[in-house]
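Letters are used for the chains, namely A, B, C and D, taken in the order the chains are written, and counting of residues starts over at 1 for each.
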Amino acid sequence: MIQMTLIQIDNYGPWTVTPKPRTESDLQILQAELFADVQRMVAAKKGLVFFTRFDNMLAITNGLDKEDHLRIQRSIRNRYPITISMGVGAAETPHEAQKLATIALQNAGGAQDGERKEILAIDSLIENPEDSFVQAAHIDINSVTETLTDIESAFDTSFIVNKAQHYLMTKLRKKGALLFFIGGDNFMSPCNGLSEDEIKEILIEIKEEIDIGFKAGIGRADNAEDAAYMADIGLEIIRDANNSKWIEIVEEL
Amino acid sequence: MIQMTLIQIDNYGPWTVTPKPRTESDLQILQAELFADVQRMVAAKKGLVFFTRFDNMLAITNGLDKEDHLRIQRSIRNRYPITISMGVGAAETPHEAQKLATIALQNAGGAQDGERKEILAIDSLIENPEDSFVQAAHIDINSVTETLTDIESAFDTSFIVNKAQHYLMTKLRKKGALLFFIGGDNFMSPCNGLSEDEIKEILIEIKEEIDIGFKAGIGRADNAEDAAYMADIGLEIIRDANNSKWIEIVEEL
Amino acid sequence: MIQMTLIQIDNYGPWTVTPKPRTESDLQILQAELFADVQRMVAAKKGLVFFTRFDNMLAITNGLDKEDHLRIQRSIRNRYPITISMGVGAAETPHEAQKLATIALQNAGGAQDGERKEILAIDSLIENPEDSFVQAAHIDINSVTETLTDIESAFDTSFIVNKAQHYLMTKLRKKGALLFFIGGDNFMSPCNGLSEDEIKEILIEIKEEIDIGFKAGIGRADNAEDAAYMADIGLEIIRDANNSKWIEIVEEL
Amino acid sequence: MIQMTLIQIDNYGPWTVTPKPRTESDLQILQAELFADVQRMVAAKKGLVFFTRFDNMLAITNGLDKEDHLRIQRSIRNRYPITISMGVGAAETPHEAQKLATIALQNAGGAQDGERKEILAIDSLIENPEDSFVQAAHIDINSVTETLTDIESAFDTSFIVNKAQHYLMTKLRKKGALLFFIGGDNFMSPCNGLSEDEIKEILIEIKEEIDIGFKAGIGRADNAEDAAYMADIGLEIIRDANNSKWIEIVEEL
């Protein structure tokens, strides 16, 4: 099972314009620092956070219990002008897990409900460590430096990367998987339950549809950190083989 | 004229996997901190940075001269395990400006050229303060909390926001404008040269195509900070009118 | 037993002036960020770091094992231009613990030995959780705002606080305790083995010698975080009694 | 003239224990981040901040005007759970300048006055750039690595460094100069008005009194950044001469 946590800034939208619009650069710094800080705390227990929409972040939190979540909320409250609420869910697929997490939090009040503050809404936690399982695919675009970064304008490259993201999100979501942009030409897909063939097929389809070639290293472990690391090793194996494969699964080191 | 700077981490891809893949959470923290730090330094002169792809960031840098850019490179070199190169361009449209900035840097060496390090490649700078002009549109999705955040799962909301981004990017890019996601349901479009009608038309088209309703505050000033602030004021005016308008331009306070 | 870790930047002095002196503000930011980051990682396991000399930091690390230390080193290596070495020691008194930690690291090479890098030199770790014990005194100056901050110049106040630190360090060190400045008019003394009377006597002596009045909350727990928290509660109890007591011990909540 | 700014967290003491004592590690991170952030913003204009007591920081702010100060306050308000007030003073000596800054702020309300918030109390600013002058001495302990760091325990070394600080503060303060610890075995003394002989004499006296040998590079410029850099160059010159001199003045590069 995979456990996912939704981290949501309480009543953030209204705060950003009260009493008048806050300086955009300050908000950008605040959001980036908050993401980095939550990442540090989740990573201390081998979880992994995705910036998602910044005011709403999704994290793989296998290995984090209730107290771990409460400590993160406390530390943010002590150091930021805002507070965060969280929802937690565990399920067989990442999409189902984050859905349970979202519903739990939504049931506790709306994102802009001025009364709701620092809620920790737990739908489910992985109680038995033996049930903990994360499958993560690290997907990147083949030869992006040669074909895009060093040739196209910076914005046009980002446009194509965003286009790739849109296609990946569309197809993976239908299969119960998630997809997050993690910088550069890199994407991470929590994808418990997806078979090698299903992932490969998605990459082949997109290649045919928009002519962007991907490769995917796939890692499996009982926590996000190790799964992501093995996915990286998988990518390295494909690179060493001159991108002659679409995917590579790594399950142990 | 608008001045744009491309900020590129030198030889980043290879560094992330040398001698073996670095822990993903560390890379995510590094990228977020780097963005926040460059933002602080650019914002000190009223510029604005967009995280873009994190290893490649685009910034509106009206008001920053050569020495300002060199100081940013120096400070990053002194505090990070990586260095950054930069390209700078000034033009009538944001797309042209970032293109000139990109070409200047590409001419100095590739992003993964091990020899290229801490290049400052200036195609053009705005020399006369009177030529400095930034038009920025702050675009958000109407009633996103009610229609998405509080109803859909967190990932599905992020999927729809990403879809909105893809459509906005596609249409704005054709007009010489840029589009960056700035968190939540918010986008910022540097759009010098675009008329009110052109922006409104794009929003109407997307509404018809994918049924996502937007509003846009548009600010105009001689620097990014003030333009973004006036764009925020524009958004507030539309909100106060119950989203009954598509756009609102603010040119002075 | 108390476990202490010495965290030392490798070959830092030479680095700060190579190839020429680095900008002082950058070094100050680097040092503060490094302290904050190591603090975050040590605090994730309920330890506590003192900035000490910034390039050499001492931490109470009861609860952190070898892997925890290695993870901190890895994360710093991945995000900073410098690396850190560490020594770890456990003993009955804090002074003895940090001495064992220091000797272990010194034996592995000098602080400016260009060859020594990312050493983790463990003299001893607390193996049995039942042996883990931290006594910490949170000491502050009575009525500092009224008698100093709001009356004296800011530098003169800092001069007196530093003088207080010098006297506290001198006396506590002779008893096997340590003393760290933690901001404002606050000091933290890891002081396993010191009796109530010994601490009280030290405060009385300094009052007589330089006419600075202190109070001390003393906390006892199996980790630094809880001990520090109970020390804070002790301080609150004394404040509620109008500083009519010198010390207050809190052992459980 | 030298311009100094006192940066004071509003009502910080009470905040740290409301509604109950906040976790010490969080406070340490908050203080270090706040210092690093204020440093970044002051350094953008070639000023320099000293952490001082963390809740009260002193900065050399030659080159920063009223708007620069207001922007720092705004950015902190937007990103921290606390706000800062400031006092600013300009005078012939650093001690006088910080005293004027302190008095201006004290007159606006006490540090723990719940009503006082985000005050900017300006006693005086350097209006004419030609009046701007900073003399800064970078003082370090001779051969600290060989005689202390690599031989003594980490705490005992920090004790000796603190003792050195106490002696330096005592003597420099009497001459109208200031003294701040900047990490390692390094101190920075803003010392406008002090002659070479006066500084040298102080170092000789301390050597005789407590047998700690120092050297001092002294820089002179119209801003803190350049003065500090020239002081560093002065130190390098002395090191190259095997510490055979007490002081070295550098006025231009």
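Just so we're on the same page, a contact is a pair of C-beta atoms (placed from the backbone, for glycine too) under 8 Å apart; a residue touches a chain by one contact, two chains touch by 3 or more.
Everything quoted here is computed from the prediction, not taken from an experiment.
Engineer: Write down the chain pair with more C-beta contact pairs when B-C is set against B-D.
Structural biologist: B-C
Engineer: Averaging each chain's C-alpha atoms to get its centre, pick out the one most distant from subunit D.
Structural biologist: The chain farthest from subunit D, judged by C-alpha centres, is A.
Engineer: How many angstrom lie between the centres of subunit A and subunit B, each centre taken as the mean Cα position?
Structural biologist: The separation of the two C-alpha centroids amounts to 22 Å.
Engineer: Determine the centre-to-centre distance between subunit B and subunit D, using the mean Cα coordinates as centres, and give it in whole Å.
Structural biologist: 36
Engineer: From the C-alpha centre of subunit B to that of subunit C, how far is it in Å?
Structural biologist: Result: the chain centres lie 42 Å from each other.
Engineer: Can you pull out the residues of subunit A that are in contact with at least two other chains?
Structural biologist: Answer for subunit A, listing residues that touch two or more other chains: 23, 26-27, 29, 33, 40.
Engineer: Show which residues of subunit C lie in contact with subunit B when the two form their complex.
Structural biologist: 22-23, 26-27, 29-30, 33, 74-75, 77-81
Engineer: Could you pull out which subunit C residues touch subunit A in their complex?
Structural biologist: Residues 37, 40-41, 44-45 of subunit C touch subunit A in their complex.
Engineer: In the complex of these two chains, what residues of subunit B are touching subunit A?
Structural biologist: Contact set of subunit B toward subunit A: 6, 8, 12-13, 17, 21, 23-29, 31-33, 35-36, 39-40, 42-43, 48-49, 51-56, 58, 95, 98-99, 101-103, 106, 110-112, 145, 149-159, 161-163, 165-166, 169-170, 173, 178, 182-185, 188, 225, 228-229, 232-233, 235-236.
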